[in-house]
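A, B, C, D and E label the chains in the order they appear, each numbered from 1.
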């Protein structure tokens, strides 16, 4: 287990992380590009059209990856918050800074794609009675809350810990939201529309799986990129960043 | 001599600015130390570090539980002086008797203020009440940020007496100040400019 | 326990001293209810159908308002930093503060809810469920909101940010609360939701003081 | 006029500096609308019928919140007393302040009202009347509220008292505003109410600065 | 000699308490007067009466438009020092050029603070900025309430210089204080106890 200890220790060094993550960033970026290209082209051009929805169902190849990612990203945000609160690891704070904008964007896009899809299939952009819709919206509010809180607090360390606290409490809340909303819709007259679990034939599902994987890779790429940028910003006065700057720009 | 406060090569930062670099000092029981330095040199910030209200420092600060009087007096304007002081006593774990409160105020010649709401006090009166709180708390280390602010000459003398007495009884005082304080024995200067 | 009693006494006094403060939440709620009754008048049937939802939203807004100023005065006059430094038993004074906030913006609301429900044209059989749901749910509202208020106390902004932070936590309360009132009034189920609300409140009451304490520390260090 | 421009610049800066402050009213309004949409779910028809009234009430509440903190910070840091002492042209700086408050809690609301109206299930043909009514009515809301806020700035209380004070003045706005939107959307009359709202706004804009100035003087002398 | 401030048998009350009874005094152009008295004797209240910020008095106060620096500094924490000062200049009717602002701050050795938000100033720095405002306002009478609060020795000397210069140029100063102020010529004592 000594390598875990060593890794843990090293994670305390932003410089180490910055340098170590360079190949990972490239790798994730490349994988995302390839997977998303394959999945999207496959899904849009080659997968069969849905027998009910026709071609509009193809939004699924954008929608599902985004909403799945939106939730995973929040889990990671909460986990990073927990690490920051318990072990005060600075890198966790950097991770939170990196995850929030990506997560919020993905959530917003997921909402948007769902709404666009809802128009042809359900005949409405939005339905307040649907559990998934409302809980995704609430998720967006959670992201925005964390973002706004950081903006509001001037001292960086305080801001980080405050956000971590909020993110962790939010983590507890997510199952409660899901449960409340789901239960609530079943209580009223049956939900008018539900996002049905459609059993999909493989030729429809395969590109979806590829795209979901691609989305995770893209997420990895963006988060690592943001983290490395944030590390540079925070360490801008240190020698190693100075040397880096010199090497890249000759100043 | 026991040290009630020992600071070892402490560096305090505000954002990316370094306020205090590698300060070491010690305040023993019985010592009343002035903390001196130009405006903006970091006296208030250092006191807050010691009190545990400001975390951006490196180095070691060993200290006992202290009583702190900052720029803000910590008096709720809507409560009377008595209510404020009683509440503070309870907060710290021992409810003061009414006569103890009167005594503490008396030491600062402010006993007439007992039933006045703190909102309706003059600047100096409010300061006196904030200092009277020290007497109810029974902490051995006092951290005072410009305790003489707004006090008249007689008030300053009273505070000098309190400090001398507190140190005589084995307590210690660290007081940021610009004025010459009665009752203090030593000074520590923080280097620094206005900026 | 002496400390706790004293904290409650202090908060209560503070509340009464700023005379209308204790009644502020209730007055505000009454105003809101009145405005709604005026705006939606001419259609009592519709008002009735939605009264539970409207009421719960207004209770949430009232709490936001009251929570927003909960720690502010103490923060500004330096009492909060003294409290963090001097408190012998950490969380206790905070619990006292939160209790009093709940008394003013939760318990009092429960008490007047039959009257306000009537103004909102609620059916008589919905009034007891309303009070019950409020009793079960408002502690969670107060406690969760206090965490947000503690995080934002140094931030010098109005209640909007507090609203943004607490909204995700309030939505389950809103949903369960509305469903409980409507369910019980219709004679259908609804107790399950009450239990849920109560469970959330219990959870919040046990955990929130720690979070509030941590949040206040962050805020004071930041000030 | 240089002074006026500078006052506006200062207020605007202050608003932007407390970054989210400028967006506070709007965020709050959006939150309220969301809560209502969730609480009143399941019956879009009913929501639609009442949307205008609900919207107006929420706009009034939003303004109450924003007005409540309008002079507070300046009062507490001593800027207000300096302003009263130093102002070369008395009412002008106050007018600047009020204008900026209206921009944040009135003009911005007008701009986003079509979106929020849609969330509240308003018919498309009601959206233009809604914006029109808001444009005509919100200046009166801001101006009247500012008088109350100026009177209460030293009083250290939450917004409830402000609500109590301004409510009588807001009720006509609420009634005319709701009637205008519904009337115009139904294709019936409604312009008359818009004119009334506009007249109230004009009156308020001309008279309120004097009242605010006097009220601020009273508050500072009291402090 | 023109009197910039003439007070004739003024009686100041707080609620039903009489703070100052039948005070008469005069501050001529060129005079820097200290206002002295125990804590709670009514110095701050009297200054507010003169400035027109406190109305509960009888008697006659003749005065010109004054600049007033009270216990509160009147700086918006969210604005920078420069923005605050520029706005004050505009408010009083003449927009100051950037160099005038820098000059005024320079007189208090606080020019480095120009772009700092006022929230992030130390107590003494904030006081310096508040005093720099006097230089932008061009009022002949200055009413100062404990102007030396939180200032270090060098800051106090600078203020003394400013006061001397202002009086030399035909202005006048009335300053409530407990410390000995450099630059003043005369004292008026307000009788009174702590209460």
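To be clear about the criterion, contacts are C-beta pairs under 8 Å (C-beta built on N, C-alpha and C of every residue); 3 or more make two chains touch, one makes a residue touch a chain.
Just so it is clear, the model here is predicted, and its values are computed rather than measured.
Both subunit C and subunit E are touched by B, D. The two copies, subunit C and subunit D, are related by a rotation of 180°, based on C-alpha atoms and rounded to the nearest 5. Among the remaining chains, A is positioned farthest from subunit B, on the basis of C-alpha centroids. Pairwise, the chains sharing the most contacting C-beta pairs are C-D.
The geometric centre of subunit A is 57 Å away from that of subunit E, both derived from CA atoms.
Subunit A and subunit D have CA centres that are 37 Å apart.
If you average the Cα atoms of subunit C and of subunit D, the two centres end up 25 Å apart. Contact of a single residue of subunit C with at least two other chains is seen at positions 18, 73, 76, 156-157, 161, 164, 167, 171, 175, 221.
The set of subunit E residues touching two or more other chains comprises 71, 77-78. For subunit A, the set of residues touching two or more other chains reads 134, 148, 152, 155, 188. Shown are all chain pairs that touch, namely A-B, A-C, A-D, B-C, B-E, C-D, D-E. Residues 51-55, 66-68, 70-79, 83, 86-88, 90-93, 95, 117, 137 of subunit E are the ones touching subunit D in the complex. On the side of subunit A, the complex with subunit B involves touching residues 155, 157, 237. Against subunit E, the residues of subunit B that register as touching in their complex are 14, 37-40, 44, 71, 109-110, 112-113, 120-125, 127-128, 146, 149-156, 178-179, 194-195. Residues 144, 147-148, 151-152, 154-155, 157, 161, 164-165, 167-169, 171-172, 175-176, 179, 183, 189, 196, 200, 211, 214-215, 218-219, 221-222 of subunit C touch subunit A in their complex. Within the complex formed with subunit A, the residues of subunit D that make contact are 19-20, 34, 37-38, 41-42, 119.
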